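Have a look at these structures, which come just after this line.
Each of the next two complexes has chain A plus one more chain, namely chain B in the first and chain C in the second.
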Partner chain A sequence: MNLASYRKKSPWILHYNAGGCNGCDIEILACLGPKYDIERFGMINTGNPKQSDILLVTGPVTKRSRERLVEIYAQMPEPKVVVSCGACACTGGVFRGMYNCEGGVDQYIPVDVYVCGCGTRPEQIIDGVVQALGILEQKTKAMEVSVRLQKEPLKEEGQINRRNIADQIKPALS
Partner chain B sequence: MGRQYEIPIGAQHISLLEPLHFKFTTENEKIVATEANVYYVHRGIEQACCSKFKFRQVSFVVGRVCGLCSISHTTAYSQVAEKLLKIEIPLRAKYLRMLVIELDRIHSHLLCLSHVAENSGFEALFMKTMQYREFSMELLEAVCGNRIQYDFSIVGGVARDLKPQVAQSILERLKKFIPQLDELMDIYKNNWTLSLKNKGAGAITKEDAMRLNVVGPFARAAGLAIDVRNETEDLLPWKEVGFEMITETSGDVYARNMVRLRELYVSIRIIENIINGLPESALITETKAFPDGEATVRLEAPRGELFYYAKGNKTQILERLKIKAPTFSNVAAMAEAFTGNEYGSAPAIIASYDPCLSCTAR
Partner chain C sequence: MNDLLIPVLLILLAPLIGGLVYGFERIIKARMQRRIGPPLLQPFYDFLKLADKRKMIVHSAHAFLGIMHFVSLWFALAVLLLGGDLILVIFLHLLSTSLIILAGYSTRSIFSHLGANRTAISILAYEPVLIIIAVSIFMLTGSFDASAAFNWDQPLLYKMPLAFIALLLVLPIKLKKSPFDVAEAHQEVTGGVEIEFSGIFFEAVYTAKWLDYVFCYTLVFLFAGNNILLGIGLMVFTFFYLNALDNSSARVNYKQMLRFSLTVSFSLAFINLLINIFT
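The block that comes next holds the complex of A and B.
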């Protein structure tokens, strides 16, 4: 069984509040509820960074939570996608310039999808995570290519030949 | 005397909505001591309100202190600013503020109840409560224009009027909600499985609650009749619209659930009374004065007593703004009430406190 092909069908999400006002967090909780129900995309909320694929971050990053944020990101296995939910997670929002805040999540970890709004609507969150699914698929493909490069070098007459290797991986990348 | 282990929960955990850290010292699964660490989300809002923002903008900033009770924060700030400006707001604005505070209380209490059910391991009840909660979010969107972060109260009055068809739809939806609330009440009260996790867990006595300055549903579940709506009549006329004190005696998770559910009936009655007797007047009192002097305001947020202090010096920028949130009063009792419980029931107890740390840390 190929794990990568099933990852798209069931991405697990991890939620971390990096100092926000709880507004976006309760909207994420509302997404898990019956009305919006992101479980139909196969997503469930998991508390364990080591099992999750999509990281939902809310809030401007406060100075005390930034180490936790970077550590959680580092613990997630590749491929991983970061979705920043809410105006303050994207840019700092109304908290930008306050003495204990930084302007947004992307100063510390790479962000793939920005979801705007204060507070973010559940429809927007669903739109963001569905976009994240596409990015997750691209990242999975890119990872497979690099694995193929390492594992299957072309051999001609017992010697490794890398001359035409770029042409062969080009269709896989596109 | 067994061996003691230290088990941490947080700052990131599946049962927590926000970064919160508890360090439990356990002995054979029993919790013997707890250390709470709540200031992960300190942003420095008070300092920014006194330096960066003008006093009319501050009501939008303090709404972002907390997304769950943002209307309580904006209303409390508006009231304290009105005291500094020495103006009286129109009667209709007062009633509309009470209406949105009570709608907010419904959604906040139902969120807390669903979270208790989830952390007790009752996923189906979590889904059911979240489903029944959605109507309050829709009504809040219809009244204020946004699902969360309403920015409804502004200095001098309210930002939007209540349209007659919206008022009608609120009454209709509440009528539909009452049988659903009866159903929830039945489950939370009589479900045997849930009672195993909830009855007797996280109990606190009335004397301890008094000694540790507990406020809100946490105190009322222990038998302390503390509610700001019962004490202050000068700013918002609570008793006129049918406020009633709800108390329980046992002080455990079960009692907190019961207090929240019974308060929902009171909230529904208050909303119906407000809509049926809404007075006609202007929405906002205009003034060109600047804030001067000192003032304090107390308001009952969904989690308990919210306290605002402000000091003005006849300029656009306030000199000092102090916010004391309900959870800040409860932290000492939160650590105390774990003692003697099983470690396994800790998530349900945390959820039943309904902690709001972004309020606490500001």
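The block that comes next holds the complex of A and C.
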């Protein structure tokens, strides 16, 4: 029995907003509603990284959210795919070049499918996720790591210091 | 021979039956919300997919407690279906729930702790009612054995309707359905105790949920005595009641749940017990 073919049938979704305007998040939630109803493909919005297969990221990566993004990505067991939803998540969109964000999810974690649109439409999101399912089927259970963590996390007095996580992931990159 | 065959078959097939019930429930729930809903076999697809994920555990005791939760729940179900002692069944179920609570406390995740706290509180809400119901059955049939209730010549429902209503009021707590799903509360604590389980170890917890369905519907079936048709009717009624309730109500907080259960459900069951004693 080929277990990999069942990945397609029950993709569980984790949705993370890395600092967007919430427009794309509402479109993602619209997919769950009666009109688009992605549960008919077996998708559930789990909200728990340890049990999900697809990470839907929206928003440009702000300096506050990038550590969480990497941490959430690291907590997902392989095989996993990342879909970046919206112009912000793909390139930075309207937030590109601002002092508080980096622009683009793919600077931190490997992205498999890019979905365009400022306020992506639910149809586009479903299409992107279906493409991601094709990629998910090809993936192996080998460890995947985030791509860029050179930037030092905040480590001022009284700030949460997540450097250790970054240090653990860094050797695997080089 | 024949009266042993059906319970044993049921016990062996319990996860399958529970999975089908869960799949059907997801469809019905979706239809109630005017959605199409997943295919019937969706829970099994989930099961097979989870088996294929990379293995990740928090620590070995956590994973072990999760698996023991499943095993002890199956054991409790087996005792119930074989017609064992009802008090024993209730305590075995309690044991399996306490194992998952221990698993919840054994990690350092805050959500896991919150979920464990809430699961412990929901035990406090439904356990007394179940015990009172078991005592009522004892008063009626003269035996704590479930088989005595299964073989009782007239449905227990006619003798103890209030206890049945009390059972209907505590079943949502046990099955983690709205409005009493504080223990799972997906939008608040993302699953509570099950949050740290992943991959093949989550499967134990996920399948234990299916067993819980079989367990609860068997408790409902108990009220029909040896009238199988009525039993099936009661189970179908309970199924639709639970889903309608789940879809139409919002979550209450744990204090409201505890207050409701210990005043309304408990008193109903207790009045029923008094009636059974004095008539």
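Here, the second predicted complex is superposed on the first by the 134 of 174 C-alpha atoms of A that agree within 3 Å, B and C clash if a C-alpha of one lies under 4 Å from a C-alpha of the other, contacts with A are read in each partner's own complex, and residues count from 1 in each chain.
Going forward, a residue touches a chain if its C-beta (ideal position, glycine included) is under 8 Å from a C-beta of that chain, and two chains touch if they have at least 3 such contacts.
Note that the coordinates shown come from a computational prediction; the quantities given were computed from them, not determined experimentally.
Enquirer: Looking at A:R121, would you say it contacts chain B, chain C, both, or neither? Reply first, second, both or neither.
Expert: A:R121 contacts chain B only, not chain C.
Enquirer: Between chain B and chain C, which one contacts more residues of chain A in the superposed model?
Expert: B
Enquirer: Considering only touches as defined above, state whether A:K141 meets chain B (first), chain C (second), both or neither.
Expert: A:K141 sits against chain C, while chain B stays out of touch.
Enquirer: Kindly classify A:Y16 by the partners it touches after superposition: chain B alone (first), chain C alone (second), both, or neither?
Expert: first
Enquirer: Classify the contacts of A:G47 with the two partner chains as first (chain B alone), second (chain C alone), both, or neither.
Expert: Both: A:G47 reaches chain B and chain C.
Enquirer: For A:G97, is the partner it touches chain B (first), chain C (second), both, or none of the two (neither)?
Expert: first
Enquirer: Which partner chains sit in contact with A:S65 here, chain B, chain C, both or neither? Use first/second/both/neither.
Expert: In the superposition, A:S65 contacts chain B only.
Enquirer: Pick one for A:E27: touches chain B only (first), chain C only (second), both, or neither.
Expert: So A:E27 only meets chain B here.
Enquirer: Kindly list the residues of chain A that each of chain B and chain C touches, one partner per complex.
Expert: Residues common to the chain A contacts of chain C and of chain B are 33-34, 46-48, listed in rising order.
Enquirer: Taking the touch rule as given, give the residues of chain C at its contact with chain A in the complex, in rising order.
Expert: The touching residues are 26, 30, 33-39, 42, 45-46, 48-56, 186-187, 190-191, 195-199, 202.
Enquirer: How about chain A: which of its residues touch chain B in the complex?
Expert: 16-27, 29-30, 32-35, 45-49, 59-60, 62, 64-65, 68, 72, 88, 93-95, 97-101, 118-119, 121-122
Enquirer: Could you list, by residue number, the parts of chain B that touch chain A in their complex?
Expert: Contacts found on chain B: 11-15, 17-19, 39-45, 47-48, 52, 60-61, 64-68, 70, 111, 114-115, 126-127, 130-131, 133-134, 137, 146-149, 356, 358.
Enquirer: Can you list the chain A residues touching chain C in their complex?
Expert: On the chain A side, the touching residues are 1, 3-4, 6-7, 9-10, 12, 33-34, 37, 39-42, 46-48, 50-51, 53, 77-79, 141, 143.
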